[in-house]
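For clarity, chains are labelled A, B and C in written order, and residue numbers in each chain start from 1.
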Amino acid sequence: MGNSNEAQILAFDPSGSGDREQKELREHLRMVEAIVFASSDPVSVRALEERLPEGVELEPLMRELQQAYSGRGINLVRVGNNWAFRTADDLGFLLQREAVENKKLSRAALEVLAIVAYHQPVTRAEIEEIRGVSISRGTLDVLMETGWVKMRGRRRTPGRPVTYGSTEEFLDQFGLEEIGDLPGLEELKGAGLLRSQMPANFMIPEPHDADELNEDEDPLTTDDLEELGLLPPSGE
Amino acid sequence: MGNSNEAQILAFDPSGSGDREQKELREHLRMVEAIVFASSDPVSVRALEERLPEGVELEPLMRELQQAYSGRGINLVRVGNNWAFRTADDLGFLLQREAVENKKLSRAALEVLAIVAYHQPVTRAEIEEIRGVSISRGTLDVLMETGWVKMRGRRRTPGRPVTYGSTEEFLDQFGLEEIGDLPGLEELKGAGLLRSQMPANFMIPEPHDADELNEDEDPLTTDDLEELGLLPPSGE
Amino acid sequence: MVNTKTKLNKQDAQNLAGLWEEDTVERRLDEPQLKVDVNGYEGPLDLLLDLARRQKVDLAKISILALAEQYLVFIEEARKLRIELAADYLVMAAWLAYLKSRLLLPPEQEDEEEMSGEEMAALLAFRLKRLEAMRDAGTRLINRNRLGRDFFARGDPEPIVIEQHREYTASLYDLLTAYASQRQRLSVSHVTIAKREVWSLQEAREILIRLLGNFSEWTALDSFLLSYLPDGSQRNTALASSFAATLELVKEGKLKVRQEAAFAPLFLKSTKTRESGTIATEG
């Protein structure tokens, strides 16, 4: 293949001294390149032709572009009668390696998370009281899985309910230096997140996440953890 | 410009007889190209560096790639500390069918957005001082919802008011490499119009959205406080 | 009667068409002689800026005195027509009345500490310029090429997660929104807000600080403020709460007050350093 000529086109050399035809060619290449790039589906030959100036032949254009992308990190590929960009086959490993699916937290999980953060240490029953609805199974599990919520201890009340609190990773995730940086009542109002007129008895706690347990909290024991399924049973 | 040598790199000439160094360079270019191309969101420098073999310098690679794509239908652009491929500005007319409905901002919201961008980090009270009215409920809320404005931290002054700043999505949305590229920024600075206070001997704060905070701001990102022994006293 | 032109000139209107939500109250170009109407203004600075624009001169060359007079006429008209004005507008009127007196009358006594009328006017001009600059900046910003409108991201991204290994994402904003809205949902929702009968002068002062920065120099304002307060019995309560509020602020060390003689204007000055409780009232 004519290497010299090719290279010039591939680089789309803007200072290119090419004649008018060359310039037009470059412009048409730019156009199809952008269209295929921005499209959410492979682009049909017809759709491309429609958007090019009349009389421009598509086929040689696409082959030129395909040639330009061959050997690169992305390739222009033909899918049936359509065109699309795809990562070069041999680089797939770059994309697969950490292909972890990013999930959004459900609304309910966000609410529970926020309550844990503001009201910690807090028990499941207390969370339900604040929310006014019961927590579906799994919501707390999901939050523990995120690493943002942890079990702190057990409340020294009948039933010894587990208390929940936020973690260091929680602060990290939300860009907080300390839990006290969560905005208070006035700031939530100021940011427009709360109505400015709230009942006089409406309170937002000043959150604190000290590792030190409250007076009415007992530490979690190994037995507790096993019971909660957080540790594999040890005594076989 | 050394056309021959440069063009060869730009073209990723697969038959290239270049020495080993050249081949490596080409391979690294392919890698970053593939990664950035695969994502629709800007990809952080850190993420790119993680994918490259150790010791490979990213900056020259990106410059090389940016150069290769200049003048083409797709450009490699820097967005804060990230890189992204975006279609060339002049080709928007071709892509109208890809256009998404942009959320429309009220006049007040736009004004607040501009103040946050040009005066950041800025507190709510400072925004109000500039506009001469209190911010109506929902204005900051709407801006945070767009993802263009975020809470940055708290000013280390009495009351520790929350400071607001712009985000990387803001840069991406308006095609800015960095906050210093805001239109007219230098002029405004020169005219002293970015001062928050009147007295002439006051320092002129330069707007910046860097994660590094102002002297009078409390840092948001935590180093490992625990390791440094700076965590609140634990139980015993 | 005051002529009010539309706030956006034709050029702006064209530039902005479709770019932002229209204000709910839109005044049209062809609207004839318009009554005093503060609807659609974003506060007193906005109104002042609009009045200034009508002088059709560079903000740097504008006559602040003339501007103050226009504003005061505007407010007087509004009061005559019994148009209810927000406190911000009235407080600004009081300050402009004060400014006007300072600009017109030669200083009675040389007071090094007191800000001169010219300095006060410069301060106002600066604030107007700054606001206009921000407004222009907003327009330039919104007129830039925008992602998803003028330039585009890859339409068909390939599955790749490059950022943290975290499986879950949420922003601080998501978190706070969730918390605030659910707490709000459960809070007693039928709160009726009694329409405020009177705004205290402390409130007025807060507005003033927002409008004009701190009283870094001795400022006599109360008498002017009073003349723009709502009429009738409310004035008495306002006066009382004003004085109480002032003393409160003095006690907190935020304000100093000075009075030359009984019934003379009350001068206010903010304490930057911590000279708690420096009361310099005489008479």
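By our rule, a residue touches a chain if its C-beta (ideal position, glycine included) is under 8 Å from a C-beta of that chain, and two chains touch if they have at least 3 such contacts.
Nothing here was measured: the structure is a model prediction, and the numbers come from that model.
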{"item": "Central chain (by mean CA position)", "value": "B"}
{"item": "Chain whose Cα centroid lies at the greatest distance from that of subunit C", "value": "A"}
{"item": "Whole-Å gap between the CA centroids of subunit B and subunit C", "value": "32"}
{"item": "Centroid distance [mean C-alpha coordinates] between subunit B and subunit A, Å", "value": "17"}
{"item": "Chain centre separation in whole Å, for subunit C relative to subunit A (CA means)", "value": "40"}
{"item": "Per-residue multi-chain contacts in subunit B, two or more chains", "value": "35, 37-38, 51, 85, 87-88, 91, 95, 98, 144, 151"}
{"item": "Subunit C: positions in contact with at least two other chains", "value": "152-155, 158, 160, 162-163, 171-172, 177"}
{"item": "Interface residues, subunit B side, partner subunit C - complex", "value": "35, 37-41, 43-44, 47-48, 50-51, 84-89, 91-92, 95, 98-100, 102, 104-111, 113-115, 117-118, 125, 128-134, 144-145, 147, 150-151, 172-175, 182-184, 188, 191-193, 195, 197-199"}
{"item": "Sites on subunit A touched by subunit B in the complex", "value": "3, 6-8, 10-14, 29-35, 37-40, 51, 68, 70-74, 85, 87-88, 91, 94-95, 97, 168, 171-172, 175-177, 181, 183, 187, 189-193, 195-196, 208, 210-213"}
{"item": "Contact set on subunit B toward subunit A in their complex", "value": "3, 6-8, 10-14, 29-35, 37-38, 51, 68, 70-74, 85, 87-88, 91, 94-95, 98, 124, 135, 137-142, 144, 151, 153-154, 161-162, 218-222, 225-226, 231-235"}
{"item": "Residues on subunit C engaged by subunit A in the complex (per definition of touch)", "value": "152-156, 158-163, 165-172, 174-188, 191, 193"}
{"item": "Complex contact set, residues of subunit C against subunit B", "value": "19-21, 23, 42-46, 88, 92, 123, 126-127, 129-131, 133-142, 144-155, 157-158, 160, 162-163, 171-173, 177, 210-211, 213, 216"}
